[in-house]
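Chains here go by letter, A, B, C, D and E, matching the order in which they are written, and residues are numbered from 1 within each.
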Amino acid sequence: METKHPGGSPAAPLLQVDGVTLAFGGVKALTGVGFDVQPGSITAVIGPNGAGKTSLFNTISGFYRPTGGSIRFKGQDITRIPAPQRARMGLGRSFQNIALFRGMTVLDNIKLGRHAHLNTNVLDALLYFGRARREEAALRADIEERIIDFLEIDHIRHAPVSALSYGLQKRVEMARALAMQPQILMLDEPVAGMNREETEDMARFILDVRDEWGVTVLMVEHDMGMVMDLSDHVVVLNFGQVIAQGQPAAVQGNPEVIKAYLGSGDVHDLRRKLHASTPANAAGVA
Amino acid sequence: QGTEDIVIGGSIPMTGVFAFAGVGINAGIQDYVKITNDAGGIKGRKLKYVPEDTGYKVDVSVATFKKITSQNKVNLYYGDSTGFSKTINPELERNGAIMMAGASFATELNDPKKYPHQFLVGPDYTEMFGILLKHIAQEKPGAKVAFVYSDSEFGRDPIDESEALAKKLGLSVPVKIMTPAGSVDVSTEVIKLRRAAPDYTIFHGYILAPIPEFITQGKQMGMTSKWMGTFWTMDSSTVMKMGPAGDGFMGVMPYRYYYDTSAKAPMLDKIRAMRPEYQSTAYMQGFLAAMLFTESAKRCLEAGKPLNGTNLKAALNSIKDFDTGGLIGVPVTIKGNSIPVGRVYKADMKAQKMLPASDWITL
Amino acid sequence: MRIGTLKESYIADAALFDSRTQKTWLAVAAALLVLFPFMASDYWLYLACLVSINVASATGLNILTGYTGLVSLGQAAFMGLGAYTVAVMETRLGTPFLLNLLAGGFVAMLGGIVVGIPSLRVKGLYLAIATIAASFIAHFIFANWSFTGGTGGLSIPPASLLGMPLDTSFRLYWVIVPITIVMLLGAANLFRTRIGRAFIAIRDRDISAEVLGIPLLRYKLLSFGLSSFYAGVAGGLWAYFFRVVTPESFPLLMSIFFLAAIIVGGMGTILGGILGAVFMTMVPELLKLVFDLLPNSAEYTVFLSPVRTIIFGLLIIGFLVFEPHGLAEMWRRVRRFFHLWPFRN
Amino acid sequence: MDWAYLFEICLTGLSGGGLYALAALAFVMVYKATRVVNIAIGELLMVGAYLFFTFASMFALPLWLAIPAAVLGTGLLGAVIERTMIRPLLGEPPISVFMVTVGLASVLVGLVEMIWSADQRRLPEFMPTQPIMVGEAFLAPKVFWGAVVAVVFIAAVLLVFRFWRGGVALRATASDQAAAYSVGINVPRVFSLAWVVSAMIAAVSGIIVGSIGGISSSMGVFGLSVLVVVIVGGLDSVLGALVGGLLIGLVEALAGSYLGGEYKLLATFLVLVAILMVRPYGLFGTHEIERL
Amino acid sequence: MTQPSTDHVLAVNNIEVIYNKVVQALRGLSLVVPRGQIVALLGSNGAGKSTTLKAVSGLLALEDGTLDAGTILFNGQSTAQHAPQQLVRAGLSHVMEGRRVFEDLTVEENLIAATYALTGRPHTAHGAPKPDFDLVYEYFPRLHERRKGLAGYLSGGEQQMLAIGRALIAQPQLILLDEPSLGLSPKLVEDIFTIIARINAERGTSMLLVEQNATVALAVAHSGYIMENGKIVIDGSAERLASDPDVREFYLGMGGGGEAKSFKEIKHYKRRKRWLS
């Protein structure tokens, strides 16, 4: 899947967020947010909790209407386009608080991701003949061979998602997002709640999606190790505003980012610092 | 002539909101069947009564009809509601073997062309209104009569025609009030009623509620109207439940009350002998239905005609100046689908009885 | 390629009836359905037709409530729309039977879509109560419009198919049952495609479904439309079956009956709609049989109707408390128990 | 325009709305704590009225005994209902619990028909019969006193919720039962309490309604209007119950007297739909928080 | 394994948990929390960490899980006979996975709801125990700012603060913390863990801490357990765990030489854990 560059210029960004502003009543979730996502890149959005990262994702995918600014995708202004149509255009995403459909099997959840790209209408569906049948068969084959295989979830394909552990659910979320045939894959905290080992697996998938499928990735993540290692471009939000963006290393060193988001990073001897004088420590360790 | 039983099937509302009537109807039919059989049946053939409970639901009634007719050779049938009478009518015509009567007095059913195999055991609702209006016109010419009725097929049934009739009789209808089915709080309606200041108010389409509340509030507001009702409100026990509000309540009744001893009535004596305690007007209705069933069947058999819907109905319509043994105070003639006879009774709370307030009125 | 099952192809994996056992039992069931009218009395045929109509309508409601998660208390009203359409067309236009049925379906569908419009904003039980409004508005129209015969309703001549009047349960059976089966197959097919999946997604979490490419309003209206189309056709059949429609023919209680049927049967499964409708229609009749078996049953007759009412309620409660997935789940368990019986090899 | 008539109608409508409000309060109590849409509310009213009938008419108890006995009896029924059919469904989807109350309604109607038969009956008269005159306008005494009782109850509940942390416990439980447990709230107690109080309010309401309109096994139909009221007011709002009740009472009265009885229900349902289109959670209902 | 003693505020002995009568989530798990200490419980997704906490706090029944074998002693007394709210009132607070704040309530009301935990507490020298809202606001000033706002609209970190704050209101002896760092920014993780450590140090509150972020967890904990598949596989002091080679590789992301591995270099998805073989 090769991304097309409108206007022929290889530098034309795939997604352009420009001056986006979003308010809930009095709360300003986003103020004049602007950044570009280059095709084939992995771009990370980081920032403190409540900075507006998820709101930004929701605005890009069309769940929220921005009060100002514009969003361009593949050169086209999509600010006024409804969410389902954006999905069809190639915006795929996963959700921070897992949003799998609990009444369906893993396979059906993944199939659902393809919805916007299918053409079966009601009549076809009721008859299940001709187009509906062909389309379903093709879909099943594609999902089996490309996605289920790729993410190694073949053993659970018929399991109801409600019976899966958190980590597997995250993986199915990713599978569903991939089934959307996205040109840009938006992942909201893909490794939250995972331990190091599982995080490594997920990191590998993300790299492969980009390298082997040519899908551009835009992700929100709090795991700094992963963000710094994987991403080409980092955007930092604070109180709904972009306070820094650029190469990971540059952003990491930005004092404002450290103050608002990263902290001292010096957690290793937290206990020694705090417990040194307390009697609890004297009891020793079990 | 065969010797097999003549079967009366019955979709009877022994339970549900109409149970108070169904239980009486059932007993009435049963008793008359027993009287006939004890007297040797009809031309040597016994009557067999096969009732089933319907809970006063149309679909259950239909199922019951199907069940009874597929298990018995039925010639006579008692149905429980207007809805059932209408629903089963096509089947009656197709089946052809059955004549049916029922608990409904719907005006629509009083049409021998549309309902050739059915009849009403009394006046239809419009005729009931006619009897009341005729009485009013006599008692107080030019009176103002208000109609209060429920928003249901039952309630709306006689209203339009009766308004026309009232005009013809020189009465005026200053207000017609329709209450939603099942409504409890009728105070706004009472206000409306009071403004119209009627001399008479006729309630229709209710059993009991909200009539007592209408009367109580009306009286509290100083209304001087007389209050009237139609058949299903008029059972003695129902009116007595109205309490003080019910005193002087009037209404139309085609039959004599159980305790009415004002005239000679051998059938009533028989009933009182069989059942020493009070029997409802619904009982009388069932009893009379069975009596007319039997009479029609007898006439059919006597004429040597097979028992079927058409013949039975023809036999019924041949009834002229028939003596019901005092159940109805005058001899009856059944020209069409109804028996347009009735009398106005009035509640006497002290005596806890309904007392005649008019003579028998035939339309 | 690893599929992990022994299915020959993905098509086979998605087939409605795949194992040999299933197919055999299906053949047995079909044979029984064909033989039934020749063995049963008028009474049982009557019940069979009624059950069949109820199955069709319950399946429609299942699409909307069981699969799409939109609780509706208007199913009876939609049946009424279908029934009245059929009645009006049959009595005033005299158009052919099947055309009338279809028209009944489409008019009800239109009604359903109109009622569905608030569903984008109004959620959950707020919506359920709003659908009650639809019932009352429909009732008002039926009762006060002279075109529909007012409170008296309309009487309908028997349908005729190929010149034969469908005036007995026996004849109607051959029309009603096949139509129901076709509708059932349609519904089952629906849930093998993207449309059915979209419905389920809306049920499970509508806001995320939207972001995944499902236009909510369109699909909610589609679900309302399909469901009421089923109701409309069922109502049309009902009209030809009872041959009279009145405003009282489709009370709120009937909507509740259908909701109860899909709950008892099992929401969100086609089998559930079937089992539930059959069960709930037959229970009162079976109860009557049981009562008849009691010694001196006449004494208890006065209790029959209350008992029926109580049992109706207890069934709903009992299933929800003890078997929330309904008869369909019980059936699955029984099937697992017998496994491949009798074709074990 | 006959202003006196309009005034009289409005007054009566508002008082009638008071009766709705009281029953709606019973409904809201349960919803607030348990998120159960209790469609059997009308039937609970009915049970309260029948118990009163039994104690007052059949056992001939004096009023001051019969009313509390009926109220307590219905409260007990509330506790039994909660224990046997609501608590086992903790955590099930709302529609399941909703349907349980549908079943409950049916069971209650059946029981009443079995014990007392389906016949209509009258309750003993116990309310003042002195008509209430507001200027020239006449107000039926029962309706007036019923409305007074309703307003007193609602005011009391509003006060309680304002100054008692139990109100918070109620809402916390409704919001997340597991979390409520985890902060030390006795969730089963909250559930029982809500149902008992609701049933008791329903009984009071049933006694008043029954004494106006008589009682019968189809009295539960009243619950339908109550449902409209709570939807209009917002399922979880006490104030909404009051405002919704008055509004619907008014609409019914106006529609009934100016358009005709057949328009009463139609008008209320049209008002309902209109309000839902503008405010999907009723006038005062809490919005569901939807975030991705 | 340490034997339970009165020094242990919590002692879990050989418990087994089954969900829905079929899924076995815990298979003979034992652990202890010494009084005044923070104990970390680590393990991969689905290992049964949350289940362990739910078993202790009695919330298992709400999810159709049953404790089929083993004992749980809180302050030396079995918890088996107690309803969840009774345990909370006895001083055992559970901060659930996913925060679980009361979304329709304001921040303040969330805290008021939490005061139910003090019901029936024995009186101290100062009379009936009083809820200390100021304490919560002092640890989490951000909550004070948002105290009139609906909890449902708080950001993830704020909700986590509120959840911990709710537990603090209960003045517990033991807090069960389920993934407090889930979805929090690095700075907030640091802040929250600093506060956790402070609460422990200043108030002597014991804690059983379930965490995926092993680095911080082991930094604040005194000791720890690692579980897989419903059983404990390693236990020991925080220092010992932090130096275990497997823990270093799978939980801390260190290469063989002790340096942090880069995510870019990971080639295989599946590796074997030595302690499982």
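General observations
Operating definition for what follows: contacts are C-beta pairs under 8 Å (C-beta built on N, C-alpha and C of every residue); 3 or more make two chains touch, one makes a residue touch a chain.
Just so you know, these numbers come straight off a predicted model, no measurement behind them.
Chains touching both chain D and chain E: A. Among the remaining chains, those touching chain C as well as chain E are A, D. Separation of chain A from chain C in touch steps, taking the shortest path, is 1. Counting C-beta pairs in contact, the chain pair with the largest number is A-E. Summarising the inter-chain layout, the chain whose CA centre lies farthest from the centre of chain D is A. Taking each chain's centre as the average of its CA atoms, chain C and chain D sit 33 Å apart. A separation of 75 Å divides the Cα centre of chain A from that of chain B. Chain A and chain D have CA centres that are 48 Å apart. If you average the CA atoms of chain B and of chain D, the two centres end up 37 Å from each other. Taken residue by residue, chain B touches two or more other chains at 15-16, 19, 151, whereas all remaining positions touch fewer. For chain C, residues that reach two or more other chains under the stated contact definition are 143, 207-208, 211, 302-303, 305-306, 308.
Among the residues of chain D, those touching two or more other chains are numbered 113, 117, 262, 265, 291-292. A complete list of chain pairs in contact reads A-C, A-D, A-E, B-C, B-D, C-D, D-E. Against chain A, in their complex, chain C makes its touches with residues 1-4, 9-11, 13-14, 186-187, 189-190, 192-198, 200-201, 203-205, 207-216, 222, 226, 268.
Residues 14-16, 19, 23, 52-53, 55, 58-60, 62-63, 66-67, 69-71, 83, 86-87, 89-91, 94, 108, 151-153, 156-157 of chain B are the ones that touch chain C when the two sit in their complex.
Taken together, the chain A residues at the contact with chain E in this complex read 24, 27, 46-51, 96-97, 152, 163, 165-168, 189, 192-201, 203-204, 207, 222, 224-226, 229-230, 260-271, 274-275, 278-281, 283, 285-286. Interface residues of chain A facing chain D in the complex, by the touch rule stated above, are 54, 58, 63, 95-97, 99.
Here chain C touches chain D in the complex through residues 65, 69, 71, 118, 121-126, 128-130, 132-133, 136-137, 140, 143-144, 207-208, 211, 252, 256, 259-260, 263, 302-303, 305-317, 320-321, 324, going by the rule given at the top.
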